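Here is the structure we will look at, set down as structure tokens.
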Amino acid sequence: MHLSHIDLRLDYEVDAPAHLRLNIEATRTGAQTVLSETLSIEPPPVRRQAGCEPDSGNRFVRFDAQPGPLTIAYRATVRRPAVHVPATLPEVPVNQLPDAVLGDLLPTRYCESDLLARCAQQLFGDLPPGIGRVQAIADWIHESIVYVPGSSDSTTTAREVFVQRAGVCRDFAHLGITFCRALNIPARLVVGYVWFDEPPQDFHAVFEAWLGGQWVLFDPTRMAPVDRLVRVGTGRDAKDVAFSTIFGAVRMTDKKLAVRELQDERVAPARTPAPSGELRGIEKPEPVL
Amino acid sequence: MHLSHIDLRLDYEVDAPAHLRLNIEATRTGAQTVLSETLSIEPPPVRRQAGCEPDSGNRFVRFDAQPGPLTIAYRATVRRPAVHVPATLPEVPVNQLPDAVLGDLLPTRYCESDLLARCAQQLFGDLPPGIGRVQAIADWIHESIVYVPGSSDSTTTAREVFVQRAGVCRDFAHLGITFCRALNIPARLVVGYVWFDEPPQDFHAVFEAWLGGQWVLFDPTRMAPVDRLVRVGTGRDAKDVAFSTIFGAVRMTDKKLAVRELQDERVAPARTPAPSGELRGIEKPEPVL
Amino acid sequence: MHLSHIDLRLDYEVDAPAHLRLNIEATRTGAQTVLSETLSIEPPPVRRQAGCEPDSGNRFVRFDAQPGPLTIAYRATVRRPAVHVPATLPEVPVNQLPDAVLGDLLPTRYCESDLLARCAQQLFGDLPPGIGRVQAIADWIHESIVYVPGSSDSTTTAREVFVQRAGVCRDFAHLGITFCRALNIPARLVVGYVWFDEPPQDFHAVFEAWLGGQWVLFDPTRMAPVDRLVRVGTGRDAKDVAFSTIFGAVRMTDKKLAVRELQDERVAPARTPAPSGELRGIEKPEPVL
Amino acid sequence: MHLSHIDLRLDYEVDAPAHLRLNIEATRTGAQTVLSETLSIEPPPVRRQAGCEPDSGNRFVRFDAQPGPLTIAYRATVRRPAVHVPATLPEVPVNQLPDAVLGDLLPTRYCESDLLARCAQQLFGDLPPGIGRVQAIADWIHESIVYVPGSSDSTTTAREVFVQRAGVCRDFAHLGITFCRALNIPARLVVGYVWFDEPPQDFHAVFEAWLGGQWVLFDPTRMAPVDRLVRVGTGRDAKDVAFSTIFGAVRMTDKKLAVRELQDERVAPARTPAPSGELRGIEKPEPVL
């Protein structure tokens, strides 16, 4: 078990009345536990509508913003699940795939698995099925695609990344998803907060493949171990998990993100409170929104 | 109220063990009523798994097929809803859109509304918002895109259709969806059976836009009035509503489809029940009308 | 030395007054010699303008066609050069490339060498420079791209072929050209008539790379030895060497092509005429147009 | 008659031995006259090879560069031709087009006139042929495409510009060329130096269409009258007229360009020298390379 502390601050300048939908809160599904969190919006919107997508567990907040500066701050302490990935996990034959994951075989805006079908077969079709094959996909991407900030934009698809051989984390993940789907392995995108050894901290994107009846995470960028991920969004591709969707004339003016690794109090029970009484490293539990 | 009778027969040759997922049954949601239907598979599969997608109401059947000939036959009598479209219906501002339709604003595999955003603004951005604007989109497509069988394939996207100015019904619908989404009007694809005045009968694709709090159908091909549609599938684009998804070496050898318009018994009340007293309109295999 | 006999017949139906430009005559440049030829157009056009492009040596005929049937017939006997390709030939460093071939490094409509630059580097960048590297390109294409008639059309580019991994001879050649240019090896397209061991005979397309100060032919399809090629057109890509460019409403109704391999009389001088006095296999020399 | 003075300075950092080809000198063809010019390269290359492309008249300099800083300076005084464009000029029917301009109807890397053929027909096909139609093309581009620096890059094609409705001067020109070719009007790209009313000065790109037996310039950006253009390059699209083609690891570190409008002494002979005796605005004639 591990603890992460997230401290995110987004500054915007709103030029005209606008509507925003944020997807920046850690999910409360699965083994991940949100120990404490606050999401503040300044100035506070008249009406603030929070929700959770039933299938994905993605949480969102919607609100109107008036002209002027706007600041979003999200702070959370999250207990991340330990990730135990078996060394061997079989691919599930399509006729045994649950209905619910069949859709994760379909091509999407950024993952044209239909167009890259022959490529996937050539590169990975002869490998033995199973988790090793998906790992081979992640390895191939790591070795073949150069991580180049600015080499892609919000319209870049897996096919383009395959041709230009450059991209950023979401492009790496999209290509992994695309190859998996082309091989009839359900796959989807996962985004969240990751503690990198080297700054700057940023949102991160990895992918997940359905193997042996469970979702298994892969990070073709190898920028951090996947068990450092604090999950925020799960979707078919990046369009489903944008951290902000903005309708109107709104400009981001600053973004600050700190992700810290905390000691888990259960792992270190002997640790006594500091004289001041404050718990070092643990956010004082706050009312969850 | 109207009645349609569907008689579909699909012949395949299965070259190796395969898995099929069919989406050919009329939906039972909304105002549409399936009075009677049979779906037969020859040879009958050992296991046949039927289901219905919770959000869309799309129905599907999955089964394994063994090498040899395979025949699917679907016959149904369906009462179609009368379609009353108000002459005026407003667009719903994004901050009032229900969470459930927000996703219908996103770009998808075949509908790159992000790429066509400026085009949509140029062509339709200055029109008064409301149902008239979506009708203007459908009219523009009808006048600008040539219906050319064979001009597109299963990989063709709305952007390509916009450039090549040619396509078939699903391409017309994809372009309509794309323009709507680019204008912040939720839109989605609807496929089904339509009785055309001129043969051959075929599956048809139209699109639906969210206006005034309801989904409204549009057919940019103008091949048939939209109230002739027997709905089979509703989805974000064609990838969600393929009538057959085939995993394995299976070739279609023949397709026969007849769609007939029946008189509604309420319109023709003199027709008496058959002597056998059987319940018309219940699944029990019935003599087809 | 080898002799080929070409017998081409093209039938068209002209629906409205049109203008045609044909590029179907064997070139008279280099080591290739046209021993005899006739090009007939039925009905004969009022004005028939023949020419030869100064740089490429491509020959063309332009004429107006009136409504009705139109038949083009080209017959020629051509002595093909023996192709002696040294086992080793160096790539020419860019600073030593003649001005005249620098343009053959540029991307063109069908050969986006700029887009495939990183791919070319990954696949072939570490190979030792020289003819062996270009042969490796041709081999890779032969092994990676499936020859599928109908998988491409007149708009298909090398990038698309690289992604879809399927194409026909001109696509194979375009991809070879693209990889070469991306590695700073000048390359261009060559089209002509080739005698295939198996019918049907057809136009063929191969590519040529500038190595050791000369153009060297490569055929990634391996459909026939390159020394069987009767050269008709040389250009930067397929747009430069279309065998027919048609302005107007003209439909091809039939195409017949026979390519035969003849014995060269000079190579076999002892061969006596057959009793009938006719020369077996050699067209009676005809006045060249 | 008009006089322009060009003062261009390009600074590079060469990281490894490289080869450069520059196309920055004003052409000496047609009515344009280079009164004086110097092209200096610092440090001076061991060997400097100058040339002029026979068809286009484009001039180029090739040389090797060694690691370290590299500075190119080009200064020239050029008498520009007066541009008299008749109000009416006919399109030339394809069967009367000279062989030499037929190639300017073909699609190229950046101008996919084949893909945009139906669009061109829809937008401009019904307009009366002639110079007015090409002007309508330029007008449409001016009104439909937004000038957005950074919205395109060196791989952007006319099709992409048509879809994204944004670009810079070369994109505007490429789209104009593409529409012309799709309508069977030969068209090509022209680049050079232009004196803009508002800084910064930069290279500029416009296009030229073949009308009434002559090339006529059009600038869809309307950034400056076309008779202010000092022609440097003429080609089928941007790939033919790159101002620098660099083979090797060379980074541009600075670019300075000043274009000034001079009074022509022959046009204004009565103008007396300023008291200081210096000729205002006229470079002292320098030895031409």
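The chains carry the letters A, B, C and D, assigned in the order they are written, with residues numbered from 1 in each.
To be clear about the criterion, a contact is a pair of C-beta atoms (placed from the backbone, for glycine too) under 8 Å apart; a residue touches a chain by one contact, two chains touch by 3 or more.
This one's a predicted model, so the numbers in the text were calculated from it and none came from an experiment.
With contact taken as defined at the outset, there is no chain that touches chain B as well as chain D. Distance from chain D peaks, on a Cα-centroid basis, for B.
Chain centres here are Cα means. That of chain B falls 47 Å from that of chain C.
One inter-chain figure worth recording: chain C and chain D are separated by 34 Å, centre to centre, where each centre is the mean of the chain's CA atoms. In terms of their C-alpha centroids, the spacing between chain A and chain C amounts to 52 Å.
Contacts with at least two other chains are made by residues 115 of chain C. Annotation, chain-chain contacts: A-B, A-C, B-D, C-D (touch as defined at the top). Of all residues in chain C, only 19, 21, 51, 53, 60, 62, 64, 93-95, 99, 102-103, 106-109, 112, 114-115, 154-155, 184, 239-240, 247 touch chain D in the complex they form. Against chain B, in their complex, chain D makes its touches with residues 115-116, 118-119, 122, 144, 146, 159, 162-166.
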